[in-house]
Amino acid sequence: MGSNLLPLFVAIPLGSAFLVSLLGKKLRGFPDTFSNLATFSLFTLSLLSLPLTKQLGTIVYKVGGWIPPIGICMVLDSLTSFMLVTINLVAFLVTIYSINYMEKYTAKWKFYTLFLLMLAGMNGIVVTGDMFNLFVFLEIGAISSYALVAFGVEQEELEASFKYMVMGSIASSFILLGIALLYSYTSSLNMADISRTLAQKVGGRLVFFVSALFIMGFGLKAALVPFHAWLPDAHPSAPAPISAMLSGVLIKALGVYALARIFFNVLGMTAKTSSILMVLGTISMVLGGLLALGQEDIKRLFAYSSISQIGYVVLGIGMGTTLGILAGLFHLFNHAVFKSLLFLNSGSIEYSTGTRDLRKMGGLTSKMPVTGYSCLVGSMSISGIPPLSGFWSKLLIVVAAIQAKHFIFASIAVLVSILTLAYYLKVQRLAFFGELRSSLTGIKEVPLTMKLSMIILSLICIFGGLILVPGVQKNFLNLATAVLVNGNNYAQTIFGSMK
Amino acid sequence: MIYLMCLILFCIGIYCILVKKNLIKIIIGIGIVEYAVNLFFALVGYRVHGRAPILAKDQVVQNMVDPLPQALVLTAIVIGLAVTALIVAIAMRIYEKYGTFDITKIKKLKG
Amino acid sequence: MNRKTEEPGMTLIVKTITRLTVGLILLYGIYIVTHGHLSPGGGFAGGVIIALSFIHLMLAFGKDLALKKLSENLASFFESAGAIMFLTIALLGFVGGYFFFNLFLKGKPFDFFSAGIIPLCNIAICLKVGAGLFAVFVALILLKITVKKE
Amino acid sequence: MFELYVLLLFMILGAIIAVEIKDLLSSVVAVGAVGLGLSVAFLILKAPDLAITQLVVEILCLIILIRATIKRDIPPVNRQKEIANAIAVLLFIGGFLFFAYLALKDLPPFGHPIMRVSQNYLAEGLKKTGAANLVASVILDFRAYDTLGEATVLFTAVVGVLAVLRRIGRKKIDETIKEEDE
């Protein structure tokens, strides 16, 4: 019975998206209530999947009843349920936030339809165990995000969306070409089957070429530094809830998760790819941080900071050691929480004051206490101030780097952390402290639902360090880490659990 | 090497996307890249002297081409169409706002 | 295409030929859809052909006539309905134990009524694709380009 | 397979023309020719399903693209700035093709796919699904979940187009907007 849970992760958001588009135009309140219901049930289901994977191990679901190399299978292992919890937690809080925020835009039902489709795409990517299926759901997530970036239909938004779309299409075609090569080589599309076949063959050059294609493709989606050009335009242009989703989870589900899954479990991690990933991660970390320092637009600053933090995650995962992967995944979760919190804060500021320019703000805490304090929590957490969650994950990454004898990477990570603190202090000083500007005396705090989701997210930031408490850590992080560390056993696990 | 010719087509598309400064040219480049990838899939599934994978009555068929890549290409074509439709819509909105397709004149964002 | 002549659409020759061919195109599209499990084609190609027949009508006679036959709201309704139908077929598979389980009788091979859910899926996809592409086209046509030169 | 080589050469030429020609409308027509060439290539490769689909999709794409380009005054493209960029891209492409050439040697030769998994479709497709068209049996039964995704992609794009083409994106304060503008 438990395995019937799996298709629901895709079917619920898809079904509700179709229903919202069918009925949402006529019934006024329907899109709001229904989408919130859908994301809430998804969140509950994802929490349910955690004990399920612990009890039953890896669950393989055969779609249509066909045995995997012939049909498509869905896989629920610990890494999957870890990602599902992250994605659906953020999605649920963001939909709560959108109830009030999206009043500013027209055609709310289109927003919710696209939002739910994007969610379906991300859940589909995480759940699937099939290469081509991963590509299809990646396209669903990507195409809906292209449209959502342009949702405001102003000049900057359209332009950013075009740029994002061109980059995204290049990435998709690289990925598809890689899949075609892999299919020709192994004659299979199932990830476990590919991994099993590759283990028997010795064909270094093809695997190397396919790895390069995948690093370019998924690296573009994850906005690692040589491929990052679209992100600082696209993420700020979207409506704030979407920025939160894009920076918070989309680049991770489409980029980091897919990279990790393919390299650890399908192609096999080699020393070469590991060092490529670490170098890319470090460059992203440094460059993202340096560029963020010079920004005056609050959302652009957050976007550059996303690049920098993704660098941390990739550095951690790229190390390939147990502690490194654990730290990377933990930072992924934390970043999803505090970056969505920060983008929601920036949305609240824009909602009340109508500007995104840091130089035009000042003293906002006195007028908007909830936004001000939650933003303070988010900023301190992302810059790694103890005892907030970001501190622990960054500490773990540094420790893991030292443990693996990558002293240069460790010291760079520490330095970038200080850089991060610098630019978040700038945000705090310019936006929230100091004197209130005369032009801003009339502003009010944002409506209730927006406050609610910001408060919940900042609470998670404060208590996020508790995930490292042994009992929680064992169930939530260690099992997910084990999936990646024992990457080569993936095929055995999948075929084993089908019998 | 027929595969390599197909990849040359792919590269022409990539060149067009990265070098040209006109929105419509970029869209055309994306189209060419999609054609190339679809063709590559179809080439991968071809079998010498194969038949189309459609059965007819009272007939024993041994040598058929691979139906799986064809199914995948079908999906990929649809995805390509979806991308094209959306990107043309965005390009037309940009034209409406700026009055040009030239990317050098469309620079509100710093990059 | 936003021509302001008294009679919308193209010349008489085009209109006459359109009148003759548009029904055939529509019929051909329906044939392709319903025989998708037996011969080349299928829901997607058929759906595009059906959409093209309406687009043909629109190009020849102007937008008013085509929209009278299939309005934009109706198109988007059909689209969502097709999508829901497809998903319902998928979910019905749960009755047989699996998502997307082919639970209907397979019938005799090569018969028109055979292959379980495949023809039904074809029809659902055709509705979705045809209506969806028509809606896109209408939206692109109706967009009045008003260039603001700064 | 001589005709396939000729066709590919034709497609490459068409693509180069589409990329380099100055007039946008001619460029769109050239890319249409490439698409039709692809459709014929599918026919030669024994994929009638793909040929039909590619043909109709090509027609639709052409209509949409011509709609976007027609009656636009397009100034000739300024070429001088492109050169530095073009050299870098050509270098990248050269490297790409070189590594691709090396990698392609590992693949099974053209015309002899391994078909480990798809052997099952040929052998059991008719018996298990009842569809004579094996491609239909793959897309709608063995891999129907992919097709659900594919249909969703198209749905997403349609909703996306409708959302992008809204006349007004943001409401002004206390402004109500009529239904048809949404």
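Every chain is named by a letter (A, B, C and D) in the order it is written, and numbering of its residues begins at 1.
Going forward, a contact is a pair of C-beta atoms (placed from the backbone, for glycine too) under 8 Å apart; a residue touches a chain by one contact, two chains touch by 3 or more.
Computed from a predicted model, the values in this text were never measured in an experiment.
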Chain pair, most C-beta pairs within the contact cut-off: B-D
Computed distance of Cα centres, subunit D from subunit A, in Å: 28
Subunit A and subunit C: spacing of chain centres that average the CA atoms, whole Å: 36
Where subunit B and subunit D are represented by their mean Cα positions, the distance between them in whole Å: 2
Distance between chain centroids, defined by C-alpha means - subunit B, subunit C (Å): 22
Multi-chain contact sites of subunit A, meaning residues that touch two or more partners: 14, 18, 21, 63-64, 132, 136, 139, 143, 146-147, 150, 153, 158, 161, 184, 189
Residue list for subunit D, restricted to those that touch at least two other chains: 48-49, 53, 57, 60, 64, 67-68, 100, 104, 107, 113, 115, 117-118, 121, 126, 132-133, 135, 137, 139, 141, 143-150, 152-158, 160-162, 164-165
Where subunit C touches two or more other chains at once, by residue number: 39-40, 42, 44, 76, 79, 83, 87, 90, 99-100, 102, 109-110, 133, 136, 139-140, 143
Contact graph of the chains (line, ring, star, complete, other): complete
Interfacial residue positions of subunit A with respect to subunit B in the complex: 132, 136, 139, 143, 146-147, 150, 153, 155-156, 158-163, 165-166, 169-170, 172-173, 176-177, 180, 183-184, 189, 229, 233
Residues of subunit B defined as touching subunit A within the complex: 10, 13-14, 17, 23, 26, 30, 33-34, 37, 40-41, 44, 68-69, 72, 75-76, 79, 82-83, 86-87, 90-91, 93-94, 97-98, 106, 108-109, 111
Residues of subunit B defined as touching subunit C within the complex: 52, 54-55, 57, 74, 78, 85, 88-89, 92-93, 95-97, 99
Complex contacts: residues of subunit D adjacent to subunit A: 99-100, 102-108, 113-118, 120-121, 141-146, 148-150, 152-153, 155-157, 159-164, 166, 168-171, 177, 181-182
Subunit D - residues contacting subunit C, complex: 48-49, 51-53, 56-57, 59-60, 63-64, 67-68, 70, 126, 129-133, 135-137, 139-141, 144-145, 147-148, 150-152, 154-155, 157-158, 161-162, 165
